[in-house]
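Let me begin by handing over the structure; questions about it come next.
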Amino acid sequence: MKKKVGIIACSGEKLLGGTLSRAAARIVVKKLKPHDTIVLCQPLFAAGGLERHGGQQERDFAKEHPTITIEGCEELCSKIAVERYSGPVAATIRVDEIMKAHPELKPKSREDLGKDGLKLAEIIAEEIAKKVDELHKQR
Amino acid sequence: MSESYDPEKETFMGVPRKKIPWWPTIDYVKCNFCMECDKFCPHDVYAHIEGEEKKLIVKNQYNCVVFCRTCAKTCAPDALSFPNKREITKLIKKFRSENK
Amino acid sequence: MSKKKGYIIPCSGIGKVFGSIGRETAYIVVNELAKDKADLECLPLIVKGKKEVIEALKENKIISIDGCPLKCSYNNIMEKVGRVDAQFMTTDIVKENRDLKPEPYIIPIGENTKELSKKLAEKVAEKINELLENKVEVE
Amino acid sequence: MDKKLCVLPCNGIDKSLGVVARTVALKLIELEPEMNLICPVLLNTNDERYETILKESNIVIIDGCMTRCATKLVDERNQKIFKRIFIPAMSKQFKIKPGTNLELNENGQKLAEKISIEIIKELKASEYDEISIEKKLEEFDFYEITVDKYYFQVPKNSYFFNENDCWVKPNGNTALIGISDYLQNRVSDIMFVELPKVGTEIEQFDDVGSFDSVKTVLDLISPCSGRIISVNKDLKEHPEWMNQDPYRKGWFAELELKNFDEDWELLMDGSGYFKYMKETITKEKEEMDFKN
């Protein structure tokens, strides 16, 4: 049985990169790889085992399953959180790099991605899906 | 539930699902085809029929969860009805005692 | 009125619509209702412990917006900064407007979700004015 | 005060803030003799002795400064927290500066006094003393299965289930009813509850009130027959308890049982329901595969 891959979007609220990373994560988990991936929430890693349904589940899951973080900017918040509370990250996707690789696509804003933004989110999502397949091949 | 849910095999409290007459009945006088019930039900009990006078029918009645009446709650014109729960409980008890 | 600002920290909820209401609220306040008096910060950056951000928060007013009882924004800010001046729950605004059921989809958010975010944004903006006019501390 | 409580101050003896933290703890156990004092040094060195007390009680944590040693001591444990006290924040709130000398001056004493009184006041106001029907539900043994990142728990004994994922916990001729961990997970964040009217007579499998989330509205389908003698009014303010603690704090209604021994025949015990629940989860997974 293939192990599920944890997707942790940086979901930073301040930057366009955050909105894109969140959108891409949802496309992967809902459309491209619904059976092989699950979304984990970055702040929950630190919020830890607050209530019973707290982040303890994020930490435990990330210890036993491969994880891919989607970073909206160079701060790499998700990667750092996962490595601090659970363990090494299997792969990291840099949204800002993909944006640079597609100058023709100009997302509208962090509030509203617009057509170009959604297309970019699709491209990022495909990149993640490819990584998921690679991870499953390695298993 | 999709094809993988096979009413033949399914049981409820040990009684074959096919033996329990539990599903919604649509009162087509009241029903305004708002489709709220179909939107609510996660078990594909209802189905849309294009171009028919009765645009909504109960297609997979055995997908319906016994004793669950929540779709009737979402029905504004109150057009959905279910069998009497006490009769159904009696029927289940009778079946179980006969097949102990 | 102090030149200070109100920093809004919405939670990064990604799986449910409650997170989106928090972000949408923050954008409305920062872009419209309290234009020069409010700003927002990425919660993952605070979780990561970015010094500049934490220092900036300390000198200003901090408003957390959370989407579920785990309160990752509130708890992580208390952990890393030690103070939250006002906390909001998007679930409260949903409870107060039972007729406005938020749509479950997130990209893009539905009309009810936008409406709820506007209502919450008004409350948050009002609170920021209160905090910045030191009404709260004077009592 | 029926819920056990303990207090854990930090052990900062090199700063007045730490001394204030300790003084608050000492004042608390004076004002509230039932409260246990947890020694941070002993907890740090060998904490078997504290194992039971910590497990059964909620804790008041008092940190003297930003290093937060008391919080760190408790952080790794899945400990129920009643209140976190951060002395610098309190000093700002009460506008009293404890000064720097380690022998607490008059201000330091006053600050410690004010903080302990506030904690006691909050204690009294919290559910511990309120005469809301605080159901004394002890710890319970449970089966557990993890699916992706969600835990699904089922108590091993004294709870009985119907196939609509609702439970009954009989106790003499009365019983509590509620929803299972599986059902609360499937419905997700519960926002509103419609509690039944006290005094209503119900038959087994009747619907007894309902609970709404953004996703759906569901009725609680009663596993047993009887008369409603009380309802969990706290759920009006805290519907999320049904999600966080579905078998205890999230209880829904209390009934006076009518013929439970007959109802019982149509119910499953903990192990039976755990098996049934696992089958439902696998069926749902297969279905998801089918759909993709």
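Letters A, B, C and D mark the chains in the order given here, with residues in each chain numbered from 1 onward.
One rule holds in what follows: a residue touches a chain if its C-beta (ideal position, glycine included) is under 8 Å from a C-beta of that chain, and two chains touch if they have at least 3 such contacts.
Predicted model, so just to flag it, every value in this text is computed and none were measured.
Chemist: Using the touch rule from the top, work out which pair, C-D or B-D, shares more C-beta pairs.
Modeler: B-D
Chemist: From the mean C-alpha coordinate of chain C to that of chain D, what's the distance rounded to whole Å?
Modeler: 27
Chemist: Would you kindly tell me how far, in whole Å, the mean C-alpha position of chain D lies from that of chain B?
Modeler: 37
Chemist: Express in whole angstrom the distance between the two chain centres, defined as the mean CA positions of chain A and chain C.
Modeler: Chain centroid spacing, chain A to chain C, equals 23 Å.
Chemist: Taking each chain's centre as the mean position of its Cα atoms, how many Å separate chain B from chain C?
Modeler: Whole-Å distance between the two chain centres: 44.
Chemist: Which positions in chain A touch two or more other chains at once?
Modeler: In chain A, 51, 53 touch at least two other chains.
Chemist: By the touch rule stated above, which residues of chain D touch at least two different other chains?
Modeler: Where chain D meets two or more other chains at a single residue, that happens at 243-244.
Chemist: Hey, what residues on chain B touch two or more of the other chains?
Modeler: none
Chemist: Run through the chains and report each pair that touches.
Modeler: A-C, A-D, B-D, C-D
Chemist: Quick check: in the complex, which residue numbers of chain B touch chain D?
Modeler: So the residues of chain B touching chain D come out as 1-5, 12-13, 40, 42, 65-70, 73-74, 85-86, 88-89, 92-93, 96.
Chemist: Show which residues of chain A lie in contact with chain C when the two form their complex.
Modeler: Per the stated touch rule, the residues are 9-15, 18, 22-23, 25-26, 39, 41-47, 50-51, 53-55, 75, 77-78, 80-81, 110-113, 118, 121.
Chemist: Looking at the complex, which residues from chain C come into contact with chain A?
Modeler: 9-15, 23-24, 26-27, 31, 40-45, 47-48, 50, 69-73, 75-76, 79, 106-108
Chemist: Under the stated contact criterion, what part of chain C meets chain D in this complex?
Modeler: Residues of chain C touching chain D: 16-18, 68-69, 78, 82-83, 91, 94-95, 98, 101-102, 104.
Chemist: Provide the residue numbers of chain A that touch chain D in the complex, in ascending order.
Modeler: Chain A residues touching chain D: 4, 6, 34-35, 38, 40, 48-49, 51-53, 56-58, 60-61.
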